[in-house]
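One chain, chain A, appears in both complexes that follow, with chain B as partner in the first and chain C in the second.
And then the complex of A and B:
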């Protein structure tokens, strides 16, 4: 027994020493160190994590060089400081992410954390961020619960939550006067799919009170095979089929549904469908209504206006580097990093040019608004911690000349048209018929 | 023997407690989580001694975590001792229900049945949107008899609490392993039929092992939930259970402390490989696991026993 405990003692000491030896490398004053967490493996890597970080890398490189972007983003790095990145894989669940978050803050001593695609991670990390007083930006995840169920001091989400995705779809249908007698849904069986369907049916109940819900299908997350579900949808003949699927699940559904002619019988609407266009190309049927969770990807490119230069600069750099055009994920990473840049520079203007503390950063970020390729981002909800942004829905059309999928009939929705006003929970806002919505 | 055991227990506690002073914040958290998971794996080791591997300890890990979260959220209880007791109680009851049922099965059937039970819980929780569905629920920081620490004090208190639990649970399990029942478990591993002919009930012994595993799983889950501040159905997912099994295999069934050392090593390797090889950390982890299995087929515990030259 004794020798066992000695062994145990030895091992623990060794671990303690190893822990001590691998001490943190604190960032210098001329460097701003950010921890970036996004999916580098697993299902969400190909659709969101990897493109997001590809976009992030392009932007960070351009910022570190300085003067590559149009004003107000022409200053080098963050307020002149070089940006250093510690990249972490988001795969592995919320347990692992909380651990990794602590490691980033306490071991790597990053100045800010930017991350999280998964809603579960976005719910698990903020309490820890507040406990450690660590400035944190949630850049992608959708669930409105983060700030509707809780308040946080040091946590900000620079992307609109998921409510606008489905509200915009319903508004698009209404404004184009699409007649809808009945609709059905095919969504992944986890929080994202369940919430999206609830939002969509809620919004439809307001705008199309007479439309009948035919069937709500919830195949397993990652199912990939939708033979049975497509048969059910073909048999039910709804006017419209809604899906919030993403990634491989969306590709699988679209390919299998098209092969059996579902898109000819029913109008297909996809709340987050833009990101599979580069992979599917002409396998994506024409006439699908789809969104990109913001004015992202093709909708941003087609928008024009004063943000065109910023959008084109990043778009071209991304396309040149990776040989594919940027879809929604890099746009959300860009708006997060540009927001962080704006906040850092604002805080530095106030503190006399020193590297800002977490408190100064949080104060600067609160209620901030800035321009990104995806439009004007305003931290308008949850006491300045939750962003709202404009959204766009378009219709797919194959351009045979260019050999590329295009979006036509794009409708742009104002932030305040498709996002709830401050202090109202999204579910209540939809159920009450969008009070306070400002649409033009 | 008993004196030695007590001395080892005190020694182990002193050592773990030293960690509370020496370890940096992140490492203390990592160790607290590893020790909590080690508790769950200790339950598996108890069954492994009898030649059974449960691939469903996530059931109790998750049950304990959700019990604590729901009690804390709905009834406003935040006392860590009360929460641990309640979760352990719930897991004891559920374990006592399933234990005798599962104790009749061996090998792959036992593994698959235990896995099935945990996946039923996973599926149910993922569907229950009132409990947050797949996104899970948050749980506030625990209090200790009314004391409500924050920051480093909270982490230290939590770590010391886990350390106490680990030492107590480890000592009790050692006593149990060396008891008549525990030795019968070991004999079952060699020849179940002969044990039955000698007049012992293998089924009863296995039920006991299962129930102990359930209680340890519940305690581990409670600590993990309180340390993380968040629970989700992933706690009951098979990959989580698989991780517990892996720690048990890494440790082997010969030594109790080895379980906790194995748990800490696994967490360390994962954490650093994740940082230094963000794109290939699974590969790094996999290679490490392969090497351990090839070099130490009987687990870390065999290192100690081999030197002692006795094959208990």
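And then the complex of A and C:
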């Protein structure tokens, strides 16, 4: 920006402040640089990383153009600043990601980092973010441990952690009065699968105290073949089979389980299953209870209400560009970037329209709440650093007319019904019978 | 159907698949003395090629005769072997014959990493599906359980592959030449055997078996990047149990791993992974060279 335009921008800012304008008008710098880290290769790329960035790209393009989204997101870029993205592949493990993070902050000099699907990366990066005082948003990973075991000043997670997914499933079963005598689980043998199963069994112990666990299977991540596990589930005949599998593991399990009629013997519930619907379509059996880790994908599209315009605008743009409807991952990227936009503009409103510093951004983000296609996001936990959000569970139903899989009987859960209150660890909250839950 | 029978059936199904995947690995080691890490990539490329081929088959009117998709899967595996076999063996591996075995492992590991990216360049990161062949053969009811007919077709394929490899090696002139090369390649060469051609043929056969394993697996799964990683680890366990380079060893190793894993899933699911390597450790404790490998005098 040359000196003339700087003076012009300064004059405009002064004019806006003098006129009591609510929002910032112009920034000193004209670009806000974001480092976006997500899986562009590896097993999580197809399910989460690539669709998340596809969604991010659609949103960033629309924001940079300006006026494409309904208010309050109709202002160009972030507070008038053009958004520039440095995209980094999350593949390679936590050690590599710590190095990539340092590169982004110290060499690329990004203004904020938005990233991380892997819980391992989400646990490794925050200490470095605080050390470098770099404003960082964890947009996807599910482990509750990030903020339940630590505190960070510059790190925020804009998506609810995984406890919500499994508590919602158990509540869905209860509210539909599904009789459960026994249940079993097939989950991937790493932190995500183990934690999901622990949350689900904990929630079931509260809501279905008489239901017994028949078997808990943990095939290794990427196993692909589940013939023996399906035999075990068929033999045990549990009323319900729970799985938090995702990606190729989930697709393989659904294909093989359906071919052997497991869904006809047991009610199958999938805590994060929506993202395989576009690929499986009719191969996903009807009657599966399924979550999307938030009011995401089909559940958001079917919700209606005041957020519908925002949801439909992004949904249509995504579908037009990529030929497939958006599932959970783009929704989490959208809520992260819209949260960042809200925080940047809030900080600019408070600092006279300048590009905010990391400290100003962190102060603006702390305890913030904003609307996203997935609902109202509130940074309500971990002293304002961890989001809670509403959730939804639905039942799969093939629509022969449209030739598409749909969700029916969708139940929407308020954020405070399925997330623990501030200051309470998830496992304790479940074990104590969800004290403070607001489910009306 | 009682528990023992269920374990046996599940174990046999898994062992059938494991054998197809492992036999090519042990064959290549037996002839070329190379522990081919890229075997996992060839498996994955076989799965991708089969998915593409079967998809094209149905797109071009294959619905009229869906069983033709099985031919498409085999053709896909053949194509992989015909293209990648000579490319890797003539283009790279032959320059490392006689070199340190560890160096060969590193070379094939490099090939594995390169092929992982090549797959992404060709097929992208989105999954490929070919369910049709998986459900074409109907269900098999065994007591209270249903199995997919395709699972038993994989067992049949494993038996056919095993017999074909064994008969080729032991009942044909070419097989005897290959065995001669395995025993002493220098002596075979002095006797007029074209050893280079044998190496190429053996590597192509190994590549075909790897790709066939992938092609047969494709209908059961979503074919996604990273498919070959897990396979190569468990295939190594099988061939080490049976003895590197031994075809019957691969069969016995696959059976031991398949049945012990099935028993674990049914009775002690926490030990599913542990049991495979526990069996391997026990075998190596008593037979460090594997069950069927011949003990060799060590040159000092």
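Heads up, the rule we're going with is that the second predicted complex is superposed on the first by the 412 of 440 C-alpha atoms of A that agree within 3 Å, B and C clash if a C-alpha of one lies under 4 Å from a C-alpha of the other, contacts with A are read in each partner's own complex, and residues count from 1 in each chain.
Keep in mind that, in the parts below, a residue touches a chain if its C-beta (ideal position, glycine included) is under 8 Å from a C-beta of that chain, and two chains touch if they have at least 3 such contacts.
Given the structure is predicted, the values throughout are model-derived calculations rather than measurements.
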First (chain B), second (chain C), both or neither touched by A:62: neither
Touched partner set for A:86, first chain B, second chain C, both or neither: first
Partner with the higher number of touched chain A residues, chain C or chain B: B
Touching partner for A:217 - first (chain B), second (chain C), both, neither: second
Touching partner for A:41 - first (chain B), second (chain C), both, neither: both
Touched partner set for A:207, first chain B, second chain C, both or neither: neither
First, second, both or neither for A:178, with chain B first and chain C second: neither
Contacts of A:424 with chain B and chain C, given as first, second, both or neither: neither
First, second, both or neither for A:107, with chain B first and chain C second: first
First (chain B), second (chain C), both or neither touched by A:189: both
Shared chain A contacts, counted only where both chain B and chain C touch the same residue: 40-41, 189
Residue numbers on chain A that touch chain B, as the complex places them: 1-5, 7-9, 11-13, 15-16, 18-20, 22-23, 40-41, 86-89, 91-96, 98-100, 102-103, 105-108, 119-120, 123-124, 127-128, 131, 143, 145, 149-150, 189-191, 194, 221
Chain A contact footprint on chain B (complex, rising order): 1, 4-5, 7-8, 11-12, 15-16, 18-19, 22-27, 29-30, 33, 126-127, 129, 132-136, 138, 140-141, 150-151, 154, 174, 224, 228-230, 232, 234-235, 237, 240, 255-258, 260-261, 264-265, 267-268, 270-272, 274-275, 278-279, 281-282, 303-304, 307-308
Chain C partner contacts - residues on chain A that touch it in the complex: 40-43, 45-46, 50, 189, 215-220, 222-225, 227-229, 231-232, 234-235, 247-248, 251-252, 255-256, 259-261, 279-280, 283
Footprint of chain A on chain C - complex, ascending: 3, 6, 9-11, 13-14, 17, 120, 125-127, 129, 131, 134-135, 139, 144-148, 151, 217, 220-227, 229-230, 261-262, 265-266, 269-270, 272-273
